[in-house]
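Each chain gets a letter, A, B, C, D and E, in the order it is written, and its residues are counted from 1.
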């Protein structure tokens, strides 16, 4: 699938595309809680961009602002040159933003296949009136065309065996994969992943990392990812932003960011030199 | 390294014993196929395994919550302190001293932190509930600061609340389902530190289901690896940590020998024990 | 415009509304424990009133004895309902349980007609002083008594949900039965408790209404009146339930005033609360006091 | 649980994988069923045909409710009022505007859908139980409207309607009207089955299961919440119109809350979210009172009758039976008749190996 | 071979309070006719009784079922259903005796020209129409007002549900009240079910009504009477024929004291009359011990059923066929028709092909409740005098052509 050895992140950054997503001075408040304070950043086309930060730092809130679940109290968000700060949530699928959720949000009583087909909702045309006379109005043709695309995604994520299972009965890891499939089915330009590796063991993380890389490199999607596994973040992202208490405390290439003492204190814990060496938990 | 285990002494009888159980969902889906494990008193035992291996199911079988999901233990037995507990209603099991911290935190979103903690003490009617709340705040200081509804806490805070809530019941055995899920590295360390402290300071026995195998094995004294509803490998934490397969599939390399996620072969074959 | 009529109607509305409030509270109790909207609430009134009537007339018990036996019976009734019908449904989606209460409603409505007939039956006279004059309005003394009872019940409910451990357990059960069980809460017991309390409190209202208007199957209509009341108040608010009840009571009486003086539509008393209900829902989808669900992704 | 497809049943194209009736046997059964009903007038009396007709139009309305309850997870306790609206509209259109009945029926469906949308607008903002209660209000408000709108409904006295007529063919008796209803049932059921396997159908279910993520998939929540009301009312309206031209008399008295509950009962008994189940549920609800009546008649005069006053209480017994049926199904057969039917089929497929 | 007759009863619906005794009377009568006379012309009467719950649509669908069974006549019940079925029974030529005395059913020839009234050549009922009953009461009220010597115009108000039955005499009553010098107040609505009608009573009190017509049946009227008693409303209530009876008096207690209402039979249970023996014999059909008290509606049920029986006998006379048309003609065969053996109980009726106003003579009674009614059965209360029906007067209404069908 991947013909050449992938470029190392460091090289990739050397050739940045134009910014596809830009947050400008975004703030978000819930009553007294300041979830986000004056956040600005850009995600470039073709990039894997990660947001990291302690729990409660506002990462999910940031993604929610981009996907439309929350409206920023201040600031603006631009996507592909267009101001989407006030754009209705449901319109964002159409302009090319897809996402997965931190706490699974599948349609539990639908089959995996149908879940993914829902992802194609905005690409389908046949609704109530033309859908009822299925065979006459062209709805059938449309379904078959889209089914083909969906099968491609299913093959890609290797979930053929659960195609017709109800999403609600799958194990956690599989559900995460189905969620990803559903987001891909939107054919987004930018895909927002909220902790895609949570609850996975190493092997599964490796699989997931591979899917993400493929999406980025083969399918040409820009990726914005929240993740707590520093190994993954370091290896696959081009750039990283760190949030803490709703503020941006660092942004840049992974190695540089993770070396930042501020970040180490706020996020990783003092004593470690390499992220993976966490054998000895620091007893608080 | 991990919780000390003195090889010279005969092992005390396990606090919890799971013998050859079979679990079926909806009368048809066989998920556990003859699983056995033992959790010794006062220790931390880790249970590892891939997604869908049946780890959560195992915990739910022990805590009785399986019944709430159309699941059923169809064979085998589960003993707690020598007493059979399979088939007992979940609220009775809690009263016997087993408390499950469920996957995904599951705090009561429309109550405050304090109310959630008080709820944890539901089975108790002694006067020390107040003191224990302070103790929980001692372990998790930030819970004290959050006065709003628990539903608005961030993931990590919710996880702390869930563990704190478990402490409020003063259980003998805590079943923890993926406590590190979604936590930042710092918090993972913190949570595991607390898990270890709970074990050492309060003497609580813990059965720990974790995907973060490295962390889990670092606090546990004994571990089991599950695959498709069966235990396929078990041993002391050190032995497991040294096992080649475990290294390859659960731990990954160390430092320099660690493979980059970026350079993994896409057609890598999975190793299965079955 | 007629001030004194309006005043009397308002007063009458408050008195009847207090009863709606009591029924609404017992409705909210079940909702808070199990997220179940109880469509058989009115039948609780009906069963309670008929049983009490039967004890007083067929067995010639003195009122207080008959009343206490009725309450004991209703406790048992609530528990039995829970064990036979609702316990098997634990873990099923809420919609199923709601359907079951609808089924129960029809069943008991018909059963009561079958056993006691369709004719309204009066209670034997209970209070030596039947009427009290308040601001020119003659009020049944039972109504005043019920007003006192409702205040007591309301205070009891408020304490129960905020301060008591079982109240917390009930809320937790409503939120997520599985979690509640994992905390050592016996979900069946919580449900049994809520149904029993609810049945008893409704029966009190049933007896009060029965004493005033006589017992008949139309008592169960209180179960329907409860809906506008709780929607006004918010499904999960005890205080809201009482206020909602009062508002509905007054609203009905004002509607009658409007109807008699200008509209002449005839049925405004009956439907006005439902128009109000729709309006409220359009403006405040969670009622006046209801809490919004937490929605995080 | 995924359905087990019998071994040896391969599909080689997506089209085959996406049919409503996936096996050859089920398709044969379908055509056979239609044929049997079509031949029924040869064998059955008018009483039995009347029951079939009842099952037909009730089944259409029940299907509408099932789309609302079973697929989009919103309870409606006002379905009978919408059914009634369809009945009145059709009668009114025919009488006041002299539109042929064939056209009145679909028009009534559309008009009812519009009213449904009107009452469904709160649905765009309301969740779950609040919505259920809004439909309860719709029931009472519409009933009140029916009782007062003399020009439209004939007021409390009701209105006489005309039989179905097409090119001089009058369907004014059971033998002929059965075909009208049969055609309507086929069209409406096929329509629903198709709807559920296209974009809008999936969106409805998605909104039920997780509306937040549905919204992120580009689904317009308000539109679909309201649409599901519209569709449910459309079906109710068609069912009601068919009823009006069968009974030849419509009156507000028929469209009570008890009738609404009966519709809910049909949906529960047939199986939430099951298309064919709606028809089975309707059949059950139509036949149940008849059975109670028959049982009452059979016992008439006996000792039981005298002890329990059965003879004078059949109406109560019928109501009790409805309530009890709902409860018993919820307890013992929560997935409904359709599910039981599937199990029976599975049993025979695996025969003789099943336990 | 039995004669098939339909019989619609309300045992469970909004008017089941009075529907139960009435239909019991009808059923007992058919049973008695079959037993004591071997039916009609040697054929047993098969009264197919069905409880339709006072829902017109159910009555219509029941009618359609019966039309398959080829019933020759029907004992019906409510106004809504009877009026809905007029067209059907006229088409099918099925004579129909209803429990509804709606004046609209009296215009047999359809000559009245009133809007909404169509020819009802097959509809009959036993008793004065609702409108005529109300007219009689209004005439009495006008005199009562004069007799009491109260100053000013008396105020009249119509009360009842928005339903064809209470609505039926509304316009006629208000028109006559106007004519007699009453001030007519806006009508007050209350449902057909029991309930809390305090608000209505307060309105009534506030309006200062003197005479109020209660158009509903006993069950809901009781609620009004009780609420108005509590609210201290001082008004003379005028009940519909179905609005008051012995059961209602027991249920309402002293609140029912003084209500004036028409009674269709010439005697009530327990009074002496030539026909009473037969009535008691009929009552034994469902009460072998002979201890039950039978309210006025039971007697009315007997008289209605006997009209049908004798009309069928007329049809069958001389070897005739018992067909709908011949039965209808049977209704015209007699003058001052009181069924044989029921003289003194069943008041005489007169039907002509153009005019089905069977009775224009209206007997008015007043209810007397002396004390607590909650202990003891109706039987006991009547025998110890706590409950009494007291004859007030008999009003003879002229057979005005302009009142036909109104």
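The definition used in the following text is that a residue touches a chain if its C-beta (ideal position, glycine included) is under 8 Å from a C-beta of that chain, and two chains touch if they have at least 3 such contacts.
All figures in this text were calculated on a predicted structure; none of them were measured in a lab.
Number of steps on the shortest path from chain D to chain E, with steps defined by chain touch: 1. Shared contact partners of chain C and chain E are D.
For chain B, the chain whose average C-alpha position is most distant is E. With each centre defined as the average position of its C-alpha atoms, the distance from chain A to chain D rounds to 43 Å. If each chain is reduced to the centroid of its CA atoms, chain A and chain C end up 49 Å from each other.
A straight line joining the Cα centres of chain A and chain E is 77 Å long.
Counting only residues that touch two or more partner chains, chain D has 1, 147-148, 212-213, 313, 315-316. Looking at chain C, residues 113, 266-267, 270, 293, 296-297 sit in touch with two or more other chains. Each of residues 11-12, 20, 162 in chain E touches at least two other chains.
Partner chain D is touched in their complex by these residues of chain A: 67-69, 89-94, 98-99, 101, 105-111, 114, 117-119, 121-122, 124-128, 131-134, 139-140, 143-144, 147-148, 151, 164-166, 169, 182, 186. Touching chain D in their complex are the following residues of chain E: 11-13, 20, 51, 53-58, 60-61, 64-65, 68, 80, 83-84, 87, 162-164, 167. Residue ranges on chain B touching chain C, taken from their complex, read 63-65, 68-70, 89-91, 94-95, 99-100, 102, 106-111, 115, 118-123, 125, 149, 151-152, 165, 169. Every residue of chain D that touches chain C in the complex is listed here, in rising order: 69, 73, 75, 77, 121-122, 125-130, 132-134, 136-138, 140-141, 144, 147-148, 212-213, 257-258, 261, 264-265, 268, 272, 309, 313, 315-320, 322-327, 330-331, 334. Residues 31, 35, 37, 85, 88-89, 92, 94-96, 98-100, 102-111, 113-114, 224, 227-228, 230-231, 235, 265-267, 270-271, 274-275, 277-278, 281-282, 285-287, 293, 295, 297 of chain C are the ones touching chain D in the complex.
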